[in-house]
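This is the structure I want to talk about, given as C-alpha coordinates.
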Amino acid sequence: MADQLFNIAAVIMLISLVLAIVRLLIGPSVGDRAVALDAMTIISLSLIGWIALSTGRGIYMDVALVYGLISFVGIVAIARYLERGL
Amino acid sequence: MIIQIIVSIGALLVLIGLWGLLTRRNLIKMIIGFSIMDTGTHLIIVGLGYRKGATAPILDSSITPGTHFVDPIPSALVLTAIVIGLAVTALMLAYAVRLHSSRGSALIEDFKENTL
Amino acid sequence: MNIAIVIILGVLMLAAAVTALYLKSLSAAVIAAGAVSLLASVIYLLLAAPDVAMTEAAIGSALTTVVFLYALSRMRGTKKEDPRD
Amino acid sequence: MEILGGIFAIAGSVFLFLAALGLIRMPDMYDRMQAGTKATTLGTMLFLIGLAMAEPQWVGKSALLILFVIFSNPLSSHALARAAYHAGISLGERAACDELAGACEDEEETA
(Lines give C-alpha, C1' and ligand atoms only; values in the text may rest on other atoms or scores of the structure.)
Protein backbone atom coordinates (compact mmCIF):
# COMPACT_ATOMS: atom_id res chain seq x y z
CA MET A 1 0.00 0.00 0.00
CA ALA A 2 2.69 2.45 1.00
CA ASP A 3 4.73 1.43 -2.04
CA GLN A 4 1.81 2.29 -4.32
CA LEU A 5 1.48 5.70 -2.66
CA PHE A 6 5.17 6.37 -3.27
CA ASN A 7 4.86 5.20 -6.88
CA ILE A 8 1.98 7.63 -7.47
CA ALA A 9 4.13 10.37 -5.96
CA ALA A 10 6.95 9.46 -8.38
CA VAL A 11 4.60 9.65 -11.37
CA ILE A 12 3.40 13.11 -10.26
CA MET A 13 7.03 14.22 -9.86
CA LEU A 14 7.89 12.99 -13.35
CA ILE A 15 4.97 14.99 -14.79
CA SER A 16 6.14 18.10 -12.96
CA LEU A 17 9.71 17.50 -14.22
CA VAL A 18 8.31 17.48 -17.77
CA LEU A 19 6.40 20.74 -17.11
CA ALA A 20 9.51 22.42 -15.65
CA ILE A 21 11.65 21.42 -18.62
CA VAL A 22 8.98 22.75 -20.99
CA ARG A 23 9.43 26.15 -19.33
CA LEU A 24 13.20 25.73 -19.68
CA LEU A 25 12.82 25.07 -23.40
CA ILE A 26 10.32 27.81 -24.28
CA GLY A 27 11.18 30.43 -21.63
CA PRO A 28 11.47 33.84 -23.23
CA SER A 29 14.24 35.26 -21.04
CA VAL A 30 17.36 33.85 -19.42
CA GLY A 31 15.87 34.40 -15.97
CA ASP A 32 12.90 32.13 -16.79
CA ARG A 33 15.27 29.38 -17.83
CA ALA A 34 17.32 29.78 -14.66
CA VAL A 35 14.17 29.53 -12.50
CA ALA A 36 13.15 26.40 -14.42
CA LEU A 37 16.62 24.87 -13.86
CA ASP A 38 16.31 25.58 -10.14
CA ALA A 39 12.90 23.88 -10.00
CA MET A 40 14.24 20.95 -12.03
CA THR A 41 17.10 20.49 -9.56
CA ILE A 42 14.77 20.37 -6.58
CA ILE A 43 12.30 18.01 -8.29
CA SER A 44 15.06 15.61 -9.32
CA LEU A 45 16.37 15.72 -5.73
CA SER A 46 13.01 14.33 -4.62
CA LEU A 47 13.12 11.82 -7.47
CA ILE A 48 16.51 10.60 -6.23
CA GLY A 49 14.96 10.10 -2.79
CA TRP A 50 12.25 7.97 -4.41
CA ILE A 51 14.84 5.91 -6.31
CA ALA A 52 16.71 5.29 -3.04
CA LEU A 53 13.47 4.11 -1.42
CA SER A 54 12.43 1.85 -4.29
CA THR A 55 15.82 0.16 -4.57
CA GLY A 56 16.28 -0.02 -0.81
CA ARG A 57 19.83 1.31 -0.81
CA GLY A 58 20.62 3.98 1.78
CA ILE A 59 23.81 4.88 -0.08
CA TYR A 60 21.75 6.54 -2.84
CA MET A 61 20.64 9.24 -0.40
CA ASP A 62 24.23 10.53 -0.39
CA VAL A 63 23.78 11.52 -4.03
CA ALA A 64 20.81 13.64 -2.96
CA LEU A 65 23.01 15.22 -0.28
CA VAL A 66 25.58 16.19 -2.92
CA TYR A 67 22.72 17.59 -5.06
CA GLY A 68 21.47 19.72 -2.19
CA LEU A 69 24.91 21.10 -1.47
CA ILE A 70 26.11 21.68 -5.02
CA SER A 71 22.95 22.68 -6.87
CA PHE A 72 22.73 26.21 -5.58
CA VAL A 73 26.30 26.99 -6.66
CA GLY A 74 25.26 26.83 -10.30
CA ILE A 75 22.17 28.99 -9.71
CA VAL A 76 24.18 31.61 -7.81
CA ALA A 77 26.76 31.62 -10.63
CA ILE A 78 23.98 32.25 -13.18
CA ALA A 79 22.60 35.04 -10.98
CA ARG A 80 26.01 36.68 -10.64
CA TYR A 81 26.49 36.44 -14.40
CA LEU A 82 23.13 38.12 -15.07
CA GLU A 83 24.08 40.82 -12.57
CA ARG A 84 27.38 41.32 -14.44
CA GLY A 85 29.37 40.55 -11.31
CA LEU A 86 31.09 37.25 -12.14
CA MET B 1 16.01 -3.97 -23.04
CA ILE B 2 17.14 -1.09 -20.86
CA ILE B 3 20.70 -1.40 -22.21
CA GLN B 4 19.51 -0.93 -25.80
CA ILE B 5 17.47 2.14 -24.81
CA ILE B 6 20.40 3.67 -22.93
CA VAL B 7 22.84 2.99 -25.75
CA SER B 8 20.51 4.48 -28.36
CA ILE B 9 19.95 7.60 -26.24
CA GLY B 10 23.72 7.95 -25.81
CA ALA B 11 24.33 7.49 -29.53
CA LEU B 12 21.70 10.12 -30.35
CA LEU B 13 23.37 12.51 -27.90
CA VAL B 14 26.73 11.90 -29.59
CA LEU B 15 25.15 12.60 -32.98
CA ILE B 16 23.47 15.80 -31.72
CA GLY B 17 26.76 16.97 -30.24
CA LEU B 18 28.64 16.21 -33.45
CA TRP B 19 26.01 18.07 -35.47
CA GLY B 20 26.39 21.09 -33.22
CA LEU B 21 30.17 20.89 -33.39
CA LEU B 22 30.11 20.84 -37.18
CA THR B 23 27.38 23.36 -38.00
CA ARG B 24 27.46 26.09 -35.33
CA ARG B 25 29.54 29.20 -36.02
CA ASN B 26 30.12 30.48 -32.48
CA LEU B 27 33.07 29.00 -30.56
CA ILE B 28 31.08 28.69 -27.32
CA LYS B 29 28.33 26.79 -29.15
CA MET B 30 30.91 24.40 -30.57
CA ILE B 31 32.32 23.77 -27.10
CA ILE B 32 28.78 23.10 -25.79
CA GLY B 33 28.35 20.56 -28.59
CA PHE B 34 31.60 18.90 -27.56
CA SER B 35 30.44 18.69 -23.95
CA ILE B 36 27.12 17.10 -25.03
CA MET B 37 29.11 14.55 -27.06
CA ASP B 38 31.10 13.81 -23.92
CA THR B 39 27.92 13.14 -21.93
CA GLY B 40 26.67 10.78 -24.65
CA THR B 41 29.82 8.66 -24.63
CA HIS B 42 29.73 8.46 -20.82
CA LEU B 43 26.11 7.29 -20.98
CA ILE B 44 27.00 4.56 -23.50
CA ILE B 45 29.90 3.27 -21.40
CA VAL B 46 27.90 3.19 -18.15
CA GLY B 47 24.93 1.60 -19.91
CA LEU B 48 27.07 -1.27 -21.23
CA GLY B 49 28.01 -2.22 -17.66
CA TYR B 50 24.42 -2.53 -16.42
CA ARG B 51 22.86 -5.88 -15.58
CA LYS B 52 19.15 -6.43 -15.05
CA GLY B 53 18.11 -6.57 -11.41
CA ALA B 54 21.59 -5.71 -10.15
CA THR B 55 22.55 -3.08 -7.59
CA ALA B 56 25.53 -0.85 -6.98
CA PRO B 57 28.76 -2.62 -5.94
CA ILE B 58 29.02 -0.82 -2.61
CA LEU B 59 28.99 -2.95 0.52
CA ASP B 60 26.76 -1.83 3.38
CA SER B 61 24.20 -3.40 5.69
CA SER B 62 21.52 -3.87 3.03
CA ILE B 63 23.64 -6.35 1.02
CA THR B 64 22.70 -10.00 1.50
CA PRO B 65 24.55 -13.06 0.10
CA GLY B 66 23.44 -13.78 -3.46
CA THR B 67 22.90 -10.14 -4.45
CA HIS B 68 23.89 -9.34 -8.03
CA PHE B 69 26.19 -6.41 -8.73
CA VAL B 70 26.67 -4.31 -11.84
CA ASP B 71 30.09 -4.17 -13.50
CA PRO B 72 32.16 -1.61 -11.55
CA ILE B 73 34.87 -1.13 -14.21
CA PRO B 74 32.85 1.13 -16.62
CA SER B 75 31.74 3.41 -13.79
CA ALA B 76 35.34 3.74 -12.59
CA LEU B 77 36.46 4.62 -16.13
CA VAL B 78 33.63 7.14 -16.57
CA LEU B 79 34.49 8.71 -13.22
CA THR B 80 37.93 9.56 -14.58
CA ALA B 81 36.55 10.61 -17.95
CA ILE B 82 34.16 13.16 -16.42
CA VAL B 83 37.00 14.93 -14.62
CA ILE B 84 39.19 14.89 -17.73
CA GLY B 85 36.25 16.18 -19.75
CA LEU B 86 36.00 19.19 -17.44
CA ALA B 87 39.72 19.85 -17.92
CA VAL B 88 39.44 19.61 -21.72
CA THR B 89 36.40 21.92 -21.72
CA ALA B 90 38.21 24.45 -19.56
CA LEU B 91 41.25 24.34 -21.87
CA MET B 92 39.06 24.90 -24.95
CA LEU B 93 37.29 27.78 -23.22
CA ALA B 94 40.66 29.32 -22.34
CA TYR B 95 41.67 29.16 -26.02
CA ALA B 96 38.31 30.69 -27.00
CA VAL B 97 38.78 33.56 -24.54
CA ARG B 98 42.32 34.18 -25.83
CA LEU B 99 41.16 34.14 -29.46
CA HIS B 100 38.33 36.51 -28.63
CA SER B 101 40.58 38.94 -26.81
CA SER B 102 43.16 38.97 -29.61
CA ARG B 103 40.77 39.02 -32.60
CA GLY B 104 37.68 40.63 -31.09
CA SER B 105 35.27 37.99 -32.40
CA ALA B 106 34.09 34.54 -31.41
CA LEU B 107 32.79 33.45 -34.82
CA ILE B 108 34.67 30.66 -36.54
CA GLU B 109 34.70 32.32 -39.96
CA ASP B 110 36.89 35.13 -38.66
CA PHE B 111 39.74 32.68 -38.11
CA LYS B 112 40.27 31.55 -41.71
CA GLU B 113 43.74 31.22 -43.21
CA ASN B 114 43.54 34.23 -45.52
CA THR B 115 42.46 36.62 -42.77
CA LEU B 116 45.54 35.92 -40.63
CA MET C 1 8.63 1.32 -14.30
CA ASN C 2 12.37 1.78 -14.61
CA ILE C 3 12.28 1.55 -18.38
CA ALA C 4 9.49 4.15 -18.62
CA ILE C 5 11.42 6.58 -16.39
CA VAL C 6 14.60 6.07 -18.44
CA ILE C 7 12.70 6.70 -21.70
CA ILE C 8 11.08 9.90 -20.36
CA LEU C 9 14.36 11.24 -18.97
CA GLY C 10 16.20 10.34 -22.18
CA VAL C 11 13.67 12.13 -24.39
CA LEU C 12 13.88 15.20 -22.15
CA MET C 13 17.69 15.02 -22.40
CA LEU C 14 17.59 14.91 -26.18
CA ALA C 15 15.16 17.86 -26.26
CA ALA C 16 17.39 19.90 -23.96
CA ALA C 17 20.47 19.03 -26.04
CA VAL C 18 18.84 20.12 -29.31
CA THR C 19 17.60 23.31 -27.63
CA ALA C 20 21.07 24.07 -26.26
CA LEU C 21 22.41 24.07 -29.79
CA TYR C 22 19.46 25.94 -31.36
CA LEU C 23 19.22 28.89 -28.95
CA LYS C 24 20.63 32.24 -30.03
CA SER C 25 21.45 33.46 -26.53
CA LEU C 26 24.71 31.96 -25.27
CA SER C 27 23.89 32.01 -21.57
CA ALA C 28 20.54 30.27 -22.22
CA ALA C 29 22.45 27.62 -24.18
CA VAL C 30 24.77 27.10 -21.20
CA ILE C 31 21.75 26.66 -18.89
CA ALA C 32 20.22 24.09 -21.25
CA ALA C 33 23.55 22.19 -21.34
CA GLY C 34 23.46 22.17 -17.53
CA ALA C 35 19.98 20.63 -17.70
CA VAL C 36 21.36 17.85 -19.94
CA SER C 37 23.98 17.03 -17.29
CA LEU C 38 21.36 17.12 -14.53
CA LEU C 39 19.12 14.58 -16.26
CA ALA C 40 22.14 12.42 -17.15
CA SER C 41 22.97 12.24 -13.46
CA VAL C 42 19.50 10.86 -12.60
CA ILE C 43 19.91 8.26 -15.38
CA TYR C 44 23.28 7.20 -13.93
CA LEU C 45 21.57 6.63 -10.60
CA LEU C 46 18.94 4.46 -12.29
CA LEU C 47 21.78 2.48 -13.87
CA ALA C 48 23.06 1.69 -10.34
CA ALA C 49 26.17 3.87 -10.53
CA PRO C 50 25.84 6.32 -7.60
CA ASP C 51 29.50 7.36 -7.69
CA VAL C 52 29.20 8.47 -11.31
CA ALA C 53 25.92 10.25 -10.49
CA MET C 54 27.61 12.14 -7.65
CA THR C 55 30.54 13.19 -9.83
CA GLU C 56 28.28 14.21 -12.70
CA ALA C 57 26.10 16.32 -10.38
CA ALA C 58 29.08 18.07 -8.83
CA ILE C 59 31.33 18.48 -11.86
CA GLY C 60 29.19 18.13 -14.96
CA SER C 61 26.24 20.16 -13.76
CA ALA C 62 27.64 22.78 -11.39
CA LEU C 63 31.32 23.29 -12.17
CA THR C 64 30.99 23.16 -15.97
CA THR C 65 28.23 25.79 -15.82
CA VAL C 66 30.43 28.01 -13.66
CA VAL C 67 33.42 27.61 -16.02
CA PHE C 68 31.28 28.38 -19.09
CA LEU C 69 29.75 31.47 -17.48
CA TYR C 70 33.19 32.69 -16.35
CA ALA C 71 34.48 32.40 -19.91
CA LEU C 72 31.35 34.16 -21.23
CA SER C 73 31.80 37.05 -18.80
CA ARG C 74 35.48 37.34 -19.77
CA MET C 75 34.51 37.57 -23.44
CA ARG C 76 31.83 40.15 -22.68
CA GLY C 77 34.32 42.17 -20.59
CA THR C 78 36.96 42.45 -23.31
CA LYS C 79 34.32 43.52 -25.79
CA LYS C 80 33.11 46.30 -23.55
CA GLU C 81 36.56 47.61 -22.63
CA ASP C 82 37.89 47.66 -26.19
CA PRO C 83 35.92 50.16 -28.29
CA ARG C 84 37.91 49.42 -31.46
CA ASP C 85 36.00 46.17 -32.03
CA MET D 1 3.39 4.79 9.89
CA GLU D 2 4.34 3.81 6.34
CA ILE D 3 0.88 4.75 5.09
CA LEU D 4 1.26 8.16 6.77
CA GLY D 5 4.66 8.53 5.07
CA GLY D 6 3.05 7.74 1.72
CA ILE D 7 0.36 10.37 2.31
CA PHE D 8 3.06 12.93 3.16
CA ALA D 9 4.91 11.96 -0.04
CA ILE D 10 1.74 12.41 -2.13
CA ALA D 11 1.19 15.84 -0.57
CA GLY D 12 4.78 16.84 -1.31
CA SER D 13 4.59 15.69 -4.90
CA VAL D 14 1.31 17.56 -5.38
CA PHE D 15 3.07 20.72 -4.19
CA LEU D 16 5.90 20.03 -6.67
CA PHE D 17 3.31 19.58 -9.42
CA LEU D 18 1.61 22.87 -8.50
CA ALA D 19 5.01 24.58 -8.61
CA ALA D 20 5.69 23.24 -12.10
CA LEU D 21 2.17 24.21 -13.20
CA GLY D 22 2.83 27.70 -11.87
CA LEU D 23 6.05 27.81 -13.89
CA ILE D 24 4.01 27.17 -17.01
CA ARG D 25 0.93 29.31 -16.29
CA MET D 26 2.25 32.45 -14.56
CA PRO D 27 2.39 35.56 -16.74
CA ASP D 28 5.78 37.12 -15.99
CA MET D 29 9.13 36.13 -14.58
CA TYR D 30 8.78 37.25 -10.96
CA ASP D 31 5.49 35.37 -10.58
CA ARG D 32 7.13 32.29 -12.02
CA MET D 33 9.96 32.67 -9.55
CA GLN D 34 7.44 32.92 -6.71
CA ALA D 35 5.78 29.69 -7.81
CA GLY D 36 8.94 27.87 -8.72
CA THR D 37 10.95 28.34 -5.55
CA LYS D 38 8.59 28.59 -2.57
CA ALA D 39 6.31 25.71 -3.53
CA THR D 40 9.22 23.44 -4.42
CA THR D 41 10.83 24.05 -1.02
CA LEU D 42 7.64 23.00 0.78
CA GLY D 43 7.07 20.05 -1.53
CA THR D 44 10.58 18.69 -1.09
CA MET D 45 10.36 19.07 2.67
CA LEU D 46 7.07 17.15 2.81
CA PHE D 47 8.41 14.41 0.54
CA LEU D 48 11.55 13.99 2.65
CA ILE D 49 9.47 13.83 5.85
CA GLY D 50 7.40 11.09 4.23
CA LEU D 51 10.61 9.28 3.21
CA ALA D 52 11.92 9.44 6.78
CA MET D 53 8.61 8.00 8.03
CA ALA D 54 8.71 5.12 5.57
CA GLU D 55 12.38 4.25 6.27
CA PRO D 56 13.14 5.20 9.89
CA GLN D 57 16.88 4.48 9.64
CA TRP D 58 17.30 7.28 7.07
CA VAL D 59 16.00 9.99 9.35
CA GLY D 60 19.44 11.56 9.86
CA LYS D 61 20.13 11.94 6.14
CA SER D 62 16.62 13.26 5.51
CA ALA D 63 16.98 15.85 8.28
CA LEU D 64 20.33 16.98 6.88
CA LEU D 65 18.82 17.21 3.39
CA ILE D 66 15.86 19.27 4.67
CA LEU D 67 18.37 21.60 6.36
CA PHE D 68 20.31 22.02 3.10
CA VAL D 69 17.14 22.73 1.14
CA ILE D 70 15.95 25.27 3.72
CA PHE D 71 19.30 27.06 3.60
CA SER D 72 20.12 26.95 -0.09
CA ASN D 73 16.80 27.31 -1.93
CA PRO D 74 15.66 30.73 -0.60
CA LEU D 75 19.23 31.97 -0.99
CA SER D 76 19.38 31.04 -4.66
CA SER D 77 15.91 32.42 -5.36
CA HIS D 78 16.83 35.71 -3.68
CA ALA D 79 20.03 35.93 -5.76
CA LEU D 80 18.06 35.20 -8.93
CA ALA D 81 15.39 37.80 -8.21
CA ARG D 82 18.01 40.45 -7.43
CA ALA D 83 19.96 39.57 -10.58
CA ALA D 84 16.81 39.68 -12.72
CA TYR D 85 15.92 43.11 -11.33
CA HIS D 86 19.43 44.44 -11.96
CA ALA D 87 19.52 42.92 -15.43
CA GLY D 88 16.51 45.06 -16.33
CA ILE D 89 13.76 42.46 -16.73
CA SER D 90 10.50 44.43 -16.45
CA LEU D 91 8.04 43.87 -13.62
CA GLY D 92 5.12 43.39 -16.00
CA GLU D 93 2.33 45.81 -16.78
CA ARG D 94 0.17 44.71 -13.83
CA ALA D 95 2.72 45.66 -11.17
CA ALA D 96 1.35 48.46 -8.97
CA CYS D 97 4.58 50.10 -7.85
CA ASP D 98 8.34 49.57 -8.03
CA GLU D 99 9.63 50.05 -4.50
CA LEU D 100 13.20 49.14 -5.39
CA ALA D 101 13.57 51.93 -7.94
CA GLY D 102 14.89 54.54 -5.52
CA ALA D 103 16.91 52.07 -3.46
CA CYS D 104 18.97 50.99 -6.43
CA GLU D 105 19.97 54.52 -7.34
CA ASP D 106 21.08 55.17 -3.76
CA GLU D 107 23.16 52.03 -3.84
CA GLU D 108 24.88 53.08 -7.04
CA GLU D 109 25.60 56.56 -5.68
CA THR D 110 27.22 55.26 -2.55
CA ALA D 111 29.15 52.53 -4.39
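As written, the chains take the letters A, B, C and D, and residue 1 is the first residue of each chain.
One rule holds in what follows: contacts are C-beta pairs under 8 Å (C-beta built on N, C-alpha and C of every residue); 3 or more make two chains touch, one makes a residue touch a chain.
Because the structure is a prediction, the values reported are computed rather than measured.
Undergrad: Among all other chains, pick the one whose mean CA position is farthest from the mean CA position of subunit D.
TA: It is B.
Undergrad: If you average the Cα atoms of subunit B and of subunit C to get two centres, how far apart are those centres in Å?
TA: Those two chain centres are 11 Å apart.
Undergrad: Report, in whole Å, the distance between the mean C-alpha point of subunit B and the mean C-alpha point of subunit D.
TA: 31
Undergrad: Can you list the subunit A residues in contact with two or more other chains?
TA: Residues 10, 17-18, 30, 34, 55, 57-60, 62, 71, 78, 80-82, 84 of subunit A touch two or more partner chains.
Undergrad: On subunit D, where are the residues touching two or more other chains?
TA: none
Undergrad: Hey, what residues on subunit B touch two or more of the other chains?
TA: Residues 55-56, 58.
Undergrad: In graph terms, nodes being chains and edges touches, is this line, ring, star, complete or other?
TA: Shape of the chain contacts: other, as it matches none of the listed patterns.
Undergrad: Which two-chain combinations qualify as touching?
TA: Chain pairs that touch: A-B, A-C, A-D, B-C.
Undergrad: Using the touch rule from the top, collect the residues of subunit B that touch subunit C in their complex.
TA: Residues 1-2, 5-6, 9, 12-13, 16-17, 19-20, 24, 26, 28-29, 31-33, 35-36, 39, 42-43, 46-47, 49-50, 54-56, 58, 70, 75, 78-79, 82-83, 85-86, 89-90, 93-94, 96-97, 100-101, 104-106 of subunit B touch subunit C in their complex.
Undergrad: Which of the residues in subunit D end up touching subunit A in this complex?
TA: By the definition above, subunit D touches subunit A via 2-3, 5-7, 9-10, 12-14, 16-17, 19-21, 23-24, 29, 32-33, 36-37, 40-41, 43-44, 47-48, 50-51, 54-55, 57-58, 61-62, 64-65, 68-69, 72-73, 75-77, 79-80, 82-84, 86-87, 89.
Undergrad: Using the touch rule from the top, collect the residues of subunit B that touch subunit A in their complex.
TA: Interface residues on subunit B, with respect to subunit A: 55-56, 58, 60-62.
Undergrad: Would you pull the subunit A residues touching subunit C in the complex into a rising list?
TA: Residues in contact with subunit C: 7, 10, 14, 17-18, 21, 24-25, 27, 30, 33-34, 37, 40-41, 44, 47-48, 51, 55, 57, 59-60, 62-63, 66-67, 70-71, 73-74, 77-78, 80-82, 84, 86.
Undergrad: Note which residues of subunit A are touching subunit B in the complex, please.
TA: These residues of subunit A touch subunit B: 55-60.
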